[in-house]
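To start, the structure itself, in C-alpha cells.
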Amino acid sequence: MIQFKNFSAAFGERKILQELTFSLPANSITSIIGASGSGKTTLLRVLCRMNDRIENFRIEGSVFVDGMDVYRPGTDVYALRRKVGMIFQKPCVFPKNIIDNVIFGVRKKISKKDYPDVAEKVLREVFLWEEVKDRLGEKATTLSQGQQQRLTLARTLAVGPEVLLMDEPTSSLDPKSTAAIEKLVQSLKNRHTILWVTHQHDQAQSIADQVLVIEKGQVLPLSVPIVRPAKPASFTSVLQNVQGYPE
Amino acid sequence: MKAGFGRGLFGTHHSEPVGWVFAAMNFIFFLCAVGLGLFLVVESVPILRSEGWGFLLGENWWVGETFGALPMICGSLIVTGLAIFLVLPVALSGALFTSEYLPSSFRRRVKGIMELLAGVPGIIYGLLGVSFLTVGVKDVLNLLDGNTLFTAGFLLAIMILPTVLTLSEDALHSVPSEFREAAESLGLTKLQIALWVVLPQSLPGIVGAVLLGIGRAMGETIAVMLVIGSLDRVPGFNLFVSGQTIPSKLGREAVEALGSGLHWSALMGLGLTLFIMVAVLTFFGNLFVRRSSQ
Amino acid sequence: MNAITAEKMVLAFIGCVTFLIVALLFSILAIMFIKGLPAMHGGFLFDESRDFGRAGGIFYQSAGTLILMGVTVLWSLPVALGSVLFQTEYLESGKFKTFLTQLTYILNATPTILFGLVGYLFFGVYLEAGVSWVTGSLILAVMILPTLQVSIREAVEALPEKYREAGMALGLSRPAQIWRIILPQSFYGMVTGVLLGLARAAGETAAIMFTATTFSGIRFPQSFSDPVPTLQTHILVLAQEAANPESIAQAWGAGLVLLGLVFLLTLAAWAFRTRMVMESEL
Amino acid sequence: MGRYQRGWIGLVLFLSIGSGSPPATNAGTGLRIQVVGSTTVLPVASRAAQKFMESSSSRILVNAGGSGVGIHSVAGGRADIGMASRAISQDEKKRFEKSHLKIYPVGLDAVACVVSSEIYQAGVRQLTPQQIAGIYLGKIRNWKEVGGPDRQIVVVDKERHRGTRHVFMQYIFGNASQRTPGTLLVTGSNNEEQAKIAQSDAAIGMLSFAWINDDVKAVSLLDQGKEILPTWETVRRGNYPIVRKLNFITAGEPKSEIKAFIGFVKGPEGQKIVEESGYIPIGNFQP
C-alpha cells in the first residue's frame, strides 16, 4: 500500500530523511516513533505532499501510495490528498458550525440534502454522534479539545480516504479523550491504512501492528511487527538493543 | 537532487485558470509600478539631452529659454530638512512617553489619534496653512511676507508628525521586555532604561521611520504649493524667503505644459529627480524598519 | 539636582509634548468645526454651488468625490486582490516575492503628483480618456493599489497556517482553498483595506487636480470622457482666495465635510480590523 | 452559500452601486464644449455658459489654467475654446502655425498696478513706469523711495504664462517675458494674487480691474508727467495704457454649436455678462 524507494528529503542543505526504503501493508496500523526532529512528521507529510508550499523543500527517490507515485510530475495532488487524509497534533476546526465542519471537504461533491446523512454517518464512525446530535448548528469551537479532534477525524473520513496520517493526534488531549481516539482508530483499521506518529512508546506498542523507529532520518532496523494480542517483551527492552536510542 | 516538481515562477499549477487570472492581475500591478518609473525616464530624455547636467545644476527656469532644476531641488531639500529637524525631537519625545510610560489602553488611544491625524488630507493642511500659518508666521516673526520656505517646512512638520511618531513608537515598543527587566534588575531608572537600553535597540526602526517621513514630506504637493510662495530662486541660507519645491512646481505648471514639448519634458525630469530621491529614501527606510522588527 | 529630579523633569517634559501632540488633533478638529459649521446652512450638502463656489452648497462636488472614490476601488480591488493572492498562494520564488514587496513600498511612497503626471499622459493622452472621471479614477486606482495590497496581504498572512493545512489535507484544490478558507478568513482585512483606500482616494488632490476635474459646467458626468467636480479641487480653488471671507467660509465648510468623510472611513476601517482580530483568535 | 461569501457579493454590489455607474450613453445630450484658460476671462465664460445652457443642448465645461494653458490646450486639441487675456505671442504663432488659431475678442480689460490698502492710505497714490520697473528689478526695495512709509516692498509677481503679466510687463519693460529679480512671491490666478496682496500690508502687484477692491487698491500711472487714473472712464476714452482684449480662441473654423456660443457671448446678452463681470463690452471701445 505504502512504499518508499530510496527516498530522501531535505530543507535546503539540511537533510531530513535519508535513503528510506520500506513498505507498509494495507489495513494496518503503523506507529512511528522517534526523537523530536528525527523526521517523523516529514515522513507523514510527504505522503500527501503537504510540504509543497515550503520553498526550499527538496526530495529524491519516490514514494508510492496504492501504486501511485506521489511525486511524479502530473500527479493530481488534490486527488492524492483526498485519498490520504491527515490529522494534526492540534485539532483545527474552522470557525463555522459543526455540520459545516464535518462536510467541509465534500460540500461540492454531494448534494445538499445528503449533508445530514453523511454527517451522521461519519460522526457515528468517530463516536461523536451521540454527543453532538442536538447541537449540530453550534460553532465547532465550543466543543472540547477531544471532541474537536474527533470532529476533524470525522471531517477527514467524510472525504473517504484510504490512508490516514495521524501526527500525534492525542498529544494535546487528556487521558480520557486519548483513550477514546485510540479505541476509535482500532475500529477504523479494517478499512483504512493508518500511520500514527507518537512520542509515547507504550501507546505505540498498544495500538500498532508494527512500529517504525526513525532516527536522524533513517529507519532503524528494529522496526518490528508486533504480534498481537500476545504481549511481547516490554518495548523498552527491545529498544535497549539499539545503540544510541535516547531513553 | 532532482529538480523537484515543477518549481519556479508558476509552481505546479500551470493548468489552473484562476491562477492565470491572478498572475495577470499581478502583472498589471507590476506594469503600473515599473511603467511609472519607465515613463518618467523616457519622457525626461529630451530635457536631459538638451540641458545635460545643466538641468540639475542650472539656477534659472525660464520656459522657452532655459530649464534649471536647482532652485526646486534646493527648495525640496531645505523644506524637508527643516520639517525633519522640527519634527524629530517632538516625535521622539512623544514616542518615548507613549511607549515607555503610558498604560496600554492610553497607548492604543494615542496611536489611534495618530492614525487619524495621518489621514487628514493635504488640502486641509493647505487650507489651515493659508488661513492661519502664513499670517501667523508673518506676524510672529515680523517678516515681509508669510509665504516662505519656513512656513512650508513647519506645515510639513505637522503633517508628518503622526507618521514619524507612530512608526518610532512601534520600534520602541518592539524591544523585548526581557531587556527592560534585565536592566531594571540592575537598578537603572526608567529613563535610563529608555535611553540606554530601549533607544539604541530600536535605532534602526527610528531611522526608518524618519526616512519614511522624509519621503512623505518630499512628495507633498498641495499644502506646500499654497504656502511656499512659488518663487524659483536658489534660496541661499535664508529660510524666511519664498521658494519652490519640486512637487509645488509640478503642481503649478503641469497644466500649462500638459503632454508635449520641452517644457513638459523638463517637468518630467523634475518628476524623475523627485522619484529617485523618494525611492532611495523609501528603500533604505524599509530596510531599517524591517531590520529593527526582526 | 539629583537623578530622580532630572528623571521627573524629563518625564514631565515628554509628557507635555505628548499631550500637545494629542491636543493638535483636537485643535485641528476644533478649528474645522468652528470655521466650518457656519457654512453648514440647511442645504449646504444638497445645494448646487453658486457664484464660483462663494455661495450655495457642495452637492455635486460631494457626489463627484464619491463617484471617483467608488470607481477607484472598483478598478483597484481586483488587481490588488489578484496580485496578493498570486504572490502568497502561487508564487514560489522568494526573491521575486521580495522584489514585488519592494515595488509595493516604492509605489506607496511615490509622490501623488507623479501619478497625476504619468497617469494623465498614459490614460488621458495615450488611451485617449482625456481629462475625465475615468482618467482620474484610474490614476487614483494605481495610487491606492499599495494601500489595498498591504492590507490584504496582512490579512492573508495573518491567517493561521493550521487552517491552510487542514484545507490541504482535505484535498481542496487551490482555487477552492482560496475561495473557502483564505477569502472568508481575510474578509475583514480586505474591507479594512478597501476603507483605507477609499479614505486615501478621498483625501487626494494633487493627482486629480489637472486630470479629472473641472471648474464649472458639470454636475454629474454624462459620458466616460466627462470630468467631475470634486470637493478637493473645490477647496483648492476657494483656498486661493484666502482674503475673501465668503470663499474661505465655503472652503471651511467643504473641508469639514471632506475631513468628516475621511475620518468616518478610517474609523470604520478600525471597527473592521478589530472584528478581524477577534475572529482570528477563535 | 456562507455568510462570508454573501458578504463578498455584498461588497461588490455595494461598490458598483456606490460608484453610481453614471449613464454611459451620450444620447439626448448635445455637444460637449470645453473652455480652458485665463482666469481673467473665466467669470465671463462661466456665467455665459450657464446662461447659454438654459436654451441649448450643448454642455459647456469651463476650466481655469491661465492664458498660456488656454492657447496650448486649444492648439493641442484638448479644448474647443481657449480663453486668453492677451494676444497670441510670436513664439506661439510660430509653434502652433498648423492649428490655424482664430481669435474672437469678447471683451476688454485693463490691468492695474495695485498695492496693499495700507500703502495706498500711507500716500502712495501714483507710480511712474520707471518706479515700477525699479521695484520689479529689485533696485527699489523700500516704499520710502517712492514716497511711502519706511517699509520693505513685497513684490508680488505672477506665473510667467499669465496674460495679466504679459500685458503688464509689456507696458512697463516693453518685454512681455521680462525677468524680474526683485520678485518676492509668485502667484497664479487673479484670486490668488488678490488674496496675497490683501494679506500683506506692503505689497505691490498687478491685477485685472475686476479684482480691485477695498483691500487691494490701484495706483495711478504717472506717464511722462501725465497722471492716468485707473478708472473705466480713462479706459473708455482710450487713455489708459495697459489695456487688453479678452479673447476666445479656436483652432480653425469652429463647429456650429461652438460658434453659437461664441456668438452668444459677443451678442447683447453675453456683453451684459461681460459688463457685470467688471469688464468693458467689446462694442463700446474704439481703439
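Per-chain residue numbering starts at 1, and chain names A, B, C and D are given in the order in which the chains are listed.
FYI, a residue touches a chain if its C-beta (ideal position, glycine included) is under 8 Å from a C-beta of that chain, and two chains touch if they have at least 3 such contacts.
What you see is a predicted model; the values in this text were computed from it and never measured.
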- For this structure, which two chains have more C-beta pairs in contact than any other pair? B-C
- Measuring centre to centre, with centres taken as mean CA positions, what chain is farthest from subunit D? A
- Nearest-to-centre chain - CA centroid comparison: C
- Query: Using CA atom averages as chain centres, what separation in Å is found between subunit C and subunit D?
  - Reply: 34
- Note on the structure: Chain-centre distance (mean CA atoms) for subunit B and subunit D, in whole Å, is 35
- Query: Distance-wise, how many Å sit between the C-alpha centres of subunit B and subunit C, to the nearest whole number?
  - Reply: 17
- Message: Counting only Cα atoms for the centres, state how far subunit A is from subunit B in Å.
- Response: 53
- Can you tell me which residues of subunit D touch two or more of the remaining chains? 2, 78, 188, 195-196, 199
- Task: List, in ascending order, every residue of subunit B touching at least 2 other chains.
- Result: 11, 130, 134, 255, 258-259
- Query: Which part of subunit A faces subunit C closely enough to touch in the complex?
  - Reply: 48, 50, 53, 55, 78-83, 85-88, 90, 92, 94-95, 104-105, 107-108, 139, 141, 152, 155-156, 159
- Mind pulling up the subunit D residues that touch subunit B in the complex? 65-66, 68-69, 72-73, 76, 78, 91, 152, 154, 157, 159-161, 177, 179, 183-188, 195-196, 199-200, 202-203
- Query: Considering the complex alone, what residue numbers of subunit C touch subunit B?
  - Reply: 3-4, 6-7, 10-11, 13-15, 17-18, 21-22, 24-25, 28, 31-32, 35, 78-83, 85-87, 89-93, 96, 100, 102-118, 120-122, 124-125, 142, 145, 149, 173-175, 178, 199-200, 202-206, 209-210, 232, 235-236, 239-240, 242, 248, 251-252, 255, 258-259, 262-263, 266-267, 270
- Note on the structure: In the complex, subunit D touches subunit C at residues 2, 4-5, 7-8, 11, 15-16, 18-20, 22-26, 29, 32, 35, 42-43, 46, 49-50, 53, 59-64, 78, 188-189, 191-192, 194-196, 198-199, 215
- Item | List of subunit C residues in touch with subunit D within their complex | 52, 63, 66-67, 70-71, 73-74, 77, 130-131, 133, 179, 183-184, 187, 190-191, 194, 214-218, 220-227, 237, 240-244, 247
